[in-house]
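My structure is below; once you've seen it, I'll send some questions.
All chains are identified by letter, namely A, B, C, D and E, in their written order; residue positions are counted from 1 within each chain.
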């Protein structure tokens, strides 16, 4: 990206172009990130409302669109309250690594073939490293607010984050094994546009790796089956019990941001990020230089949002695990399967250097069958309760 | 063994849960959007027996204070003044004074809605059904004295209704 | 417009800003999960599907730190009054109180009881009294709307 | 059947309602133990204290789940001494019930695991269910009048 | 050597998991609990003193507030106690109306229990679905007696209102709507693996402990004791209605764990639907109120009457002295003794289990503190 820019502005020295480009990316990502968290929180409350047969926010602005703006400004106006005997410096410091940890991962997310913050050749390693920052923030928040509930919340988040980092990284290794490089752009370009060439269907072990990746990413983002750190019903509000106003919003942004990052990673690593079929590509490039990029960004967003919506729906269906069950799932179930999938993929690539087409189609059709059964089952549920849920007033 | 059974079970039940929540996405929400976006105001939707705020029809109230005695927490207080007929114009009822007989006049009939527990024990002994439940329920206020419902204005006492002997 | 300028006081700009800020505070009132007695069940019903408070942007928060409205839902005994007062102090500043039901308004049907606080206004300043025992979810929503009008009229910037 | 086991417990059969057994205060633990072990009254379903102006009365409602039979025991206590042995060793459910009777009526139970107020705050003066109880004017800063 | 120190936490009166205002002083080492001391009394409203001051007829609305989640059975229990003392008997139709109303109220009480338990374990949607179904039950009660939560419907000697004309078919319409919803609720949460894992073998109450600590109702039946006041000490019209009583059989783990107590309440909801259907069929015509003097003065007696409320058998011990005010009224509730067993079972549980255990006991604050 930098080379094309330096051609555009030949007179500027190389380092100045680099500095400007970094500044633009930083501003873009921060605004995108904070603007992203609001609408998603509105979307989640609407979906939650619909699942619970009620209506989410629809009074604030048309259909409640600017509900998040009202929440943000209100929290901004709240009193800046720090508990008297809390650890002042750590208390103020805690929200920033959490917010930073998630924002930094956006830098290497490939929105389209050209549109990427910085195409590091150690992209994946960088993302996992940046995600590690979040743990520091949570533990600092837990310890510094001098409240027993937050202490418990902080300890729980430490245990959960660390023990779910391992299956996460192992399942990423499978992708690195198949694509041969850590940089996200090359991972995506080594996957084709049609579903068969995606990594998820390349061999059954990669399919298992994808499932492990999703589960541990949900745990990494503190979403529902694993939302023990801010367990609403046990530890009052977990690590953010003592936080109010703007500081609480930083934790809020981090949680939604994590949601997007999980969706984006799943799309780019396993589902061939911005790859668009050849037909569209030459149709678009015929129109003009910009159009293919637009198509690519749209394809990437489409794939990301499927997972974001699924994780949101997951939150309103499943209860919460207990701490020891959380550990059991990570160590007894996810990590062994992650090892199996790495060894399996390695053997698979030795036995079938260019991949076994029949298995790819088999996996693809099994995935479609699962989705079909899901839709059929949902309609069956609807008919089962004879959609009496809208059983209005009897009177 | 049960290691794989656990995995299969949790996968199946999570799948089942997701289908149920997905099926809920297609159902209409049953919210009655209270203040303004309802088919008809919520008051009409309430059944006939709904116990809202108390209302007293002073025209048929005989001033027998049975309701005052029936209320467990005395939130109804009625004052009856004994007034011998005086030359000033007869009270609002406009009936004849009927000679020197001392007139009973209800000077105060307050119900403290902030205290009331809407139990209905006062509406039962009332001979003429003057005190009964309206269907109103909206009366949130900023100061508590507005919750003292006064059914007789200060100045104008009301003569109790004489039940016709027939 | 110029003539108008002379009559109106000079902070016309701030009323616009005040109005905006109050509108934001009004339309996202987070109430605290504080339910003692029967009114608590009606508070659950108001959070439920038929009379849904999420429409007004009111979300139940479990910690006093993140909530700016405290609904006293139910009877407050003397033993509980001390804790209620501490919870009220823990809430960050622009905070409001709705006294829900007769027990919170003035002790309600436990007037003869020796252990019940006769009205929550003895312990904390109350903004809105909602009559009813327990008040219908719609009555409580009417209370919330009145509170929102009150918030809208506040002079936030110069208070 | 209890008559011949305990000579001192005299039976009272009022005209309406079931009868009950009057047991002297110091014998109550021994009576209850045998009732639980031999006659399988394995559950103390209700323990009530009544203030009859010149003396206290503690009523034990026992129930046996195997034979589905209730039994009522009563103990008389003078107003001044108003202490009696606790049966919480025999039935654990008595633990809390005795604490409530102590809290509201002021009857002290010997060798009770932790006899302290259960319903009212620790620094509450007086025992409310006694007929001679006067309500305090105000309690730590909150006036009790509306 | 690592010296671990105990941490004392006060799961204070205002905590999302304590139903209403109960407080637990918990000594934990990290997550595992060493000792739990319940501290109750935060909602003590001196019902018994008020009964002595207010009189028989006026105490009726207070019985709604003893257990506001299942108010109708408290009304019924109190009216039965006073009728037994004063020798009044309610007419047939009134008994049927009382049983229909208390069974409907049992359904809505178990709905709250199942919903709050799911919320305490972490799933918020089943709680809102339970609240949605509870709205429809509230509509039925609004039609029947005019109030949503504090009904004051039962009078001493009968019932205050007769069932409106369309009450019967509206009830049947609700029951037809409700039964598939219970199955959907089960599929959504009861058979969910995480839910079962969180509740199986947690807080196991053995049969002897349940009886010794005087647990009653679904908590007692959860530990395998087959005892239901409606069956074993029949009152009102329950002998005329056939229904069976679900008992804990240890479906997912040992008998007497949280899952048993939960599943019993779900099955009891189905039984209550059956009871309401039969009662609606058999309800005779006739007047709804016996001849009762304006001031009820029962003779000098003492009466202990028991009635099966949603939280177990609720006993009213009434000592009357001939005046129109009870001399002493002792209200014996299920939640009071259920709270006392927390102290014995809790050591060794984790905090998340303690929350699950408390909501499986279905403890309600006013019943504990009266």
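We take it that a contact is a pair of C-beta atoms (placed from the backbone, for glycine too) under 8 Å apart; a residue touches a chain by one contact, two chains touch by 3 or more.
Values in this document were obtained by computation on a predicted structure and should not be read as measured data.
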- Message: What's the minimum number of touch steps needed to get from subunit A to subunit C?
- Response: 1
- Identify the chains adjacent to both subunit B and subunit C in the sense defined at the top. A, E
- Message: Which chains sit in contact with both members of the pair subunit C and subunit D?
- Response: E
- Which chain's centre, taken as the mean of its Cα atoms, is farthest from the centre of subunit A? D
- Where the CA atoms of subunit B average out and where those of subunit D average out, how many Å apart are those spots? 43
- Query: Hey, how far is the Cα centre of subunit A from the one of subunit B, in Å?
  - Reply: 53
- Task: Just give me the whole-number Å value for how far the CA centre of subunit C lies from that of subunit E.
- Result: 31
- Junction residues of subunit C - those touching two or more other chains: 48-50, 52, 55, 62, 79, 106-107, 109, 111-112, 114-115, 119, 133, 136
- Item | Multi-chain contact sites of subunit B, meaning residues that touch two or more partners | 6, 14, 16-17, 20-21, 24, 29-33, 46-47, 72, 117-119
- Residue numbers in subunit E touching 2 or more other chains? 16, 41, 44, 46, 49, 54, 61-62, 125, 128, 132, 135, 139, 142-143, 150, 184, 188-189, 192, 194, 369
- Listing of all chain pairs that touch each other, if any do: A-B, A-C, A-E, B-C, B-E, C-D, C-E, D-E
- Complex contacts: residues of subunit C adjacent to subunit D: 78-79, 81-82, 106-107, 111, 114-115, 117-119, 122-123
- For subunit A, which residues are in contact with subunit C within the complex? 45, 49, 52-60, 64, 67, 69-71, 73-74, 77-79, 81, 232, 236-237, 240-245, 248
- Item | Residue ranges of subunit A touching subunit E (in the complex, touch as defined) | 48, 51-54, 148-149, 151-152, 155, 224-225, 227, 231-236, 316-325, 381, 384-386, 388-389, 391, 393-395
- Mind listing the subunit B positions that touch subunit E in their complex? 6, 9-10, 12-14, 16-17, 20-21, 24, 30, 46-51, 70, 72, 117-121, 124-125, 133
- Listed in rising order, the residues of subunit C that touch subunit B in the complex are 49-52, 55, 98, 102, 105-109, 111-112, 119, 121, 127-133, 135-139, 141-143, 145-146, 150
